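What follows is chain A paired twice: with chain B in the first complex and chain C in the second.
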Partner chain A sequence: MQLIEKVREFIKNHLVSLESYVNLNDEDKIFELGFVDSLFALQLVNFVEGEFKISVDNEDLDLENFSSINAIVAFIEKKRKN
Partner chain B sequence: MDSQQQKIVDEARIFAEKEIRPYAREFDERGVLPRELMDKMAEKRYLSANFPEKYGGLGLDPVYYGFFTEEIGKACCSVRALITVHSSLVGETLLRWGTGKQKDKWLPFMVAGKKIGAFALSEPDVGSNAKSVQTAYEKSGNSYIISGQKKWISFGDIADFFIVIASNKSRVSAFLVERGWEGVESKPIKGMLASRASHIAVLNFDKVIVPDENCLGKEGSGFSYIVNTALDHGRYSIAWAGVAVAQEALEAMVTYARKRSQFGKKIYNFQLIQGMIGDAVTKTHAARSLCLRAGEMRKEGDPDATIETSMAKYFASKVAMEVAADAVQVHGANGCCNGYPVERLYREAKVLEVIEGTSQIQQEIIARFGLRRYTKKEYPERVRHSSKGHG
Partner chain C sequence: MEKDAKDLKEIKCVVWDLDGTIWDGILLESDDVKLKPKIRDVIQTLDSRGILHSIASKNVYDVAMQKVRDFGLEEYFLYPEISWNAKSSSIKCIQENLNIGLDTIMLIDDQPFERDEVNYEYPEVLCVDASEYRTLPSHSRLNPRFISEDSNRRRLMYLEDIERKREEKNYEGPKKDFLASLNMQFIISEAKEEDLKRAEELTVRTNQLNTTGKTYDYDELKMMLNSKKHKVLISDLKDKYGSYGKIGLAVVEKTKKFWNLKLFLMSCRVMTYGVGTVLLSYIMKQAKEDRKTLRADYKHTERNRMMFITFKFANFKEIGSASDNCVILENDLSMIQDYPPYINITTR
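So, the complex of A and B:
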């Protein structure tokens, strides 16, 4: 499974909405638009660290880094390069 | 089993038996934890049992830190509360999200017990809805200015510094605030049901100037990361606190049932007493198993560890309440008097169902997890028909 698919699946498994069809795009702001709740923020960090073997540090706590599926993927790729 | 970590837990048990348990009632009655005890604990590195060794801590992993918390919690809830607040809520949050400079500044003092930390989130009108804190901050040059009031802050009356959660419109941020700064005041809260030696206080912040470098985490990340991290660690600690109270109450119940005679025989012979003991043993073991599972998941960095921790906290605090209530019942009138520790355990157990997220908040979190995780997959109709034929 590709990086973006793993991220997409993790987020889809944690959506606030329990309706069977939710239209979530890779650019959508997942926190701002209420797709996930604030409790999810920490789970997302744990997932990103565990799944992709990177470390999320103090300086990475920019909300923009975790704002959308694409932003998360870009963040992971940037951390991996470093 | 890790023999080095087990040795630390075994030594903590002996320390608790000698230095804490004999004085637990006195701490509760006087409403004070003596400074000398904190110094002794710091000397043993018990105020930093969960901190990595590179910062001077004992380096216990989450599972052994749980065992350690149980040993301290069995002896005295208020001393355990110090561990919960100082080591878990404040310590773990600083370890996780502090800058290198913040860690280097605060952690050595925390290990040495020279600086006690407290976590200032709750307010007079803000409890479960923690995101809506009214304590306000605003930017001013190279500083922030904080004003507002916090309430029910454990160790708030003696802590040397606080992690203060404040808001600016919809942005929530966390700040490291020192007691000695101008505009910081604390006032003890008396008349508590339990945690009477936890120095619970009201904190007032009147235009307190906080330098930029004391912002913990990025500005605006205060709720999503700082509060969530702190409460997650707090819940893990409270889960083990529940096991501690349940185990202590169970031991008191069994010991009393084997000594006390009525109707010409020891009361443990009565089946209704045995019913309570059987339930208490089973529930306590079940609570410990859930805590262990959460501990293992935390050790592995499993993303579901936060949910498992919520379950452990919810269940263990409930078990603590039930077992402590039955322990009082077995003791009869003696259990209703502070001459026996079960009276205190009963009061302490109730608090565990309230702090670090009430049981009802945990139920909602767990239910949302269950609603997502345990939906049965729907198979096409033809699959159901074909499987019937093989019945």
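So, the complex of A and C:
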């Protein structure tokens, strides 16, 4: 599976309370759609670290890096290069 | 490395072996085992202090649990682990099910081998020889500094939680529908004097979901209650199974330009419901109404990363450092998440 597909699948499976997730676009701001709880946030960070074998440092924990599917993919790619 | 007694945490769960520990004799050799004298009193005394009990025994599950039931002790033991697995793995399962730290678990076992095996894997677990069971009620780590209404009900709250998890497992359909079916009520109130004991207890017991790890004692909290510069918020969570009790605490200091969140914590028991975000959103909204920005002190520990993520994903930015190794986070409140639809929020 492509990186972006893995991220998409994770978001759709875990964003429990998002009514319209079937229509989630890669650009949509996940955290502005509402109802992202702290558990989801933690699961997302653990997923990125575990699945893609990168470490998310405190300074990486910025909303910009996780705001949309595209942002998450860009962040993972950037971390992999370093 | 030996730690000072003051650094050692209060024990939250006592895990008991069965054969030779709770009763004399070996159950699989003879059904005629006898409870150790006064062991029931010890278990009940600790239970009334809000200390949980569990079992780690190498035995046949059904036979051993039937015996525990015959002795009328079944209700005291949460997540009993009765199998032929290593005790260290039993302890790990109990720890995960209760969602408490390994350094808050005590094992009582008559076999030195079992105690050593557990300590080899998990040196932070306190292992005690079964012969010392009568002295447990006076053990320093089994005497919580506070016993509040919530500590008295702690075991019941865990039992309600087991029922909840069982239903969740059997529930077919989207998770959001399950959450909606719980009728969750989240109540946020300005703390009153009668809440302070529990508030103090929360600051001492909560490590994973705690922004600064600061503890406040009764008098400090009381001073803040009576001060116009401070706001002490406490929250309750209820659902159709019962009450989780008072599970969240926030201390805000108001200054001319901004509100400062000195402490923000949530009991681990409610971690899976994401209510931390709800209380945080509430405070953000209140600060915005007051036309202030919101700052928060934050101190990194080994355990509270989830809280850091909660803050960062709520759009807090790090703007500097404060005393006591705290960092300062700030939120301009331009974006505030709404409450989840499956939780009913009441404020008073």
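Assorted remarks:
We adopt the following convention: the second predicted complex is superposed on the first by the 74 of 82 C-alpha atoms of A that agree within 3 Å, B and C clash if a C-alpha of one lies under 4 Å from a C-alpha of the other, contacts with A are read in each partner's own complex, and residues count from 1 in each chain.
The rule is simple: a residue touches a chain if its C-beta (ideal position, glycine included) is under 8 Å from a C-beta of that chain, and two chains touch if they have at least 3 such contacts.
Small disclaimer: the values here were computed from a predicted structure and weren't measured.
Look at A:Leu39: by the touch rule set out above, it reaches both chain B and chain C.
In the superposition on chain A, A:Leu63 contacts both chain B and chain C.
Judged by the touch definition given at the top, the superposed model places A:Glu49 against chain B, while chain C stays out of reach. Taken together, the two structures place residues 16, 31, 38-39, 41-42, 45, 58, 61-63 of chain A in contact with chain B in one case and with chain C in the other. Chain B contributes residues 97-99, 131, 217-218, 220-221, 223-225, 228-229, 232, 300-307, 365, 368, 371-372 to its touches with chain A in the complex.
The touching residues of chain A, when paired with chain B in their complex, are 10, 13-16, 18, 31, 38-39, 41-47, 49-50, 58-59, 61-63. Partner chain C is touched in their complex by these residues of chain A: 16-17, 19, 31-32, 34-42, 45, 58, 61-63, 66. By the touch rule above, chain C contacts chain A in their complex via residues 174-176, 179, 271-278, 300, 305-310, 312-313, 315, 317, 335, 337-338, 340-342.
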